[in-house]
């Protein structure tokens, strides 16, 4: 039982959910660096050798960058969603927990990309990477749907046009990442390219100019 | 000495305890991903081989999921408890510290499960896993008992019926996890099954419909 | 330049220092679990073997417990200090930064203890462990001294008797940990025993009964 | 779309950016300890051997110290900047995200220094280390420029003299770290020396005495 009766404030409750979610986002985004490993040189130590090994690790830098940018945008998107919401309920909390579970899971496929992008098994790595982001997009839609259906958890004066725009943007993510998932089996480079560009798309849809 | 006299606000003090506890919960839940290791392929690299190795790691995904869900529910439960509390004292702080110690310890038995669930020593791993959650439930009861006995740390208007419901729910956790602990030695799969289901039980008892 | 002139609030500034410090304390305390490693069994897998290896790791559990309890008490002590402070200056911020640096360093000697407590080199490990806590105590005294000398950063109505009690308690920590440091070379077990008990001492001095 | 219309508060929005940034700074600074590895002794275990191995790791302690001090100062600098800002826009948020990406990347060159400072490839390690801090300084200038150009995101009453002082200090960082970058190829020790001293420079410019 969420005893708002003793608190008199639903707002406070979503404040705590946001603070906890922010903590998870912040830790998850910072842990990504562990997927970028320092190469260990054999003797003799030469600068050329170290530079070459560092350059060969480009998939881990790329994976770090895409995952970082995507989690950052997801955090911004999460906040933009919560700004319209004034209370929570059980299903909303569970949907948010499911979303956080997926966010903390991001380092795993990120490391798969870091290790296997330049190998013959790149397709599997890219498919899992794009597949996770597809599921994350489904989770965002689930969370948003729970909040807006019957105007259940929304603040009073959210305009219907805004809800429609948001719903469309959240829905758009699913086919985009599904496309990246399909391309993974045919051409991993294209799949990674789609993932690299998609976070820019979310950045733009999340930051429309103010009216 | 907690100098509330200079602050005029006990509420603020529990606010800080909650913020610190939230930080520990958020970090602990995000670190669980380190128990899910990316498999390292030998040559030749084939997609079938990678997929097979990834599938063989199912115990680490299962352990990640159960531990994540359980820590998430424990965090929600922690917050629901603190919503009824307006001040702290030494024993309450130490009990909360003991609880946090146990929460940060969760990755250890989670990794035991990840590594040993499909081996002949699964019983030991499951027993330690269920045993830790049993002790965590005892710690919740200790924390709650310190707060409610003689209405010591509670807010003024918490209804007795709510206290009774909560006390019963906290107490229920102990025999449930003890059951999982006992089953560990007889059938590890059943033990893990109980642990998988119990967090759902806490989810339901923590989110009763509002009156 | 800390532009309080544009903020109108020194209180807010120490609030941010506390929030950042809390984050560092919370992450540092949660990372300690990485010093508790799951043993890797050789074939054949037997429960007896796993249990024996788990028991043999007792130094890592002990080190985890002492470090956790000590960081927890240091966090409480940090908060109790900041409750009396209403503004900061450059030296205070640097002293606080030095303290945080030492806190984030705790996992290093904790792992030394975990690995070497039962070996002939336990003395070195214990000396570094107790030595770090000695320096941490010096850092607390430095931070406190900066705040109280000439009543520089304190709130207006902090009673002199409270300042004297606190100053004495902070000073007491230094010889206690120095003792643990000296014992390290003679008898590591006694050294660890002192470290195990000292956090209880801080717990008691930090939570005097309210008048 | 950042719906301030529904919130009535731009201040709150930068509050969330700061809280998230603080989380990333706090986690990144605490993760640096993972670059300080405990040496593993071969038999026979002698105290002299352990001490010698510990002393040989001085590059990792140095790298830990410099990175910690630099991130700490960057956090202080970040806060001092945000104290003058009352709203954000898309480019400002992306610039801040780029800065956080660079901050979370710090552990990577820190480990390069820890491993390779005393080897013939120290130049490469130092160049990457100083190079990252050069880019971080450029990111600070970008962030600051976005906020101050046309007084876009600043609070109303920030005096022009303060803006000029800050702009000059931020600009100064770039040539200083470029110098460290150039020295890396000629004399790594000098390069590290510059990096060791520069954070002190930022400490002083960030904490001018109050008028």
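We just call them A, B, C and D in the order they show up, numbering each chain from 1.
Note that in this section a residue touches a chain if its C-beta (ideal position, glycine included) is under 8 Å from a C-beta of that chain, and two chains touch if they have at least 3 such contacts.
Computed from a predicted structure; not experimentally measured.
Asker: Touching both chain B and chain C: give me those chains, sorted by label.
Answerer: Under the touch definition, chain B and chain C have no mutual neighbours whatsoever.
Asker: Can you work out the rotation angle that lays chain A over chain B using Cα coordinates, in steps of 5 degrees?
Answerer: About 90 degrees of rotation relates the two copies.
Asker: Starting from the Cα centroid of chain A, hunt down the chain whose centroid lies farthest away.
Answerer: Centre of mass proxy via C-alpha means gives C as farthest from chain A.
Asker: Can you give the whole-Å distance between the Cα centres of chain A and chain D?
Answerer: Comparing mean C-alpha positions, chain D is 25 Å from chain A.
Asker: Taking each chain's centre as the mean of its CA atoms, how far is chain A from chain C in angstrom?
Answerer: 35
Asker: Among the residues of chain B, pick out those that touch two or more other chains and give their numbers.
Answerer: Expected reply: 19, 23, 26-27, 31, 34.
Asker: Looking at the complex, which residues from chain B come into contact with chain A?
Answerer: Within the complex, chain B touches chain A at residues 18-19, 22-23, 25-27, 29-34, 36, 38, 40-41, 44-47, 49-51, 54, 64-65, 68-69, 72, 75-76, 79-80, 83-84, 155, 157-158, 162, 165, 203-204, 206-208, 210-211.
Asker: Would you tell me which residues of chain A are touching chain B in their complex?
Answerer: Of all residues in chain A, those touching chain B are 1-7, 16, 19-20, 23-24, 26-28, 31, 34, 89-90, 93-94, 97, 100-101, 104-105, 107-108, 111-112, 115-116, 119-121, 123-125, 128.
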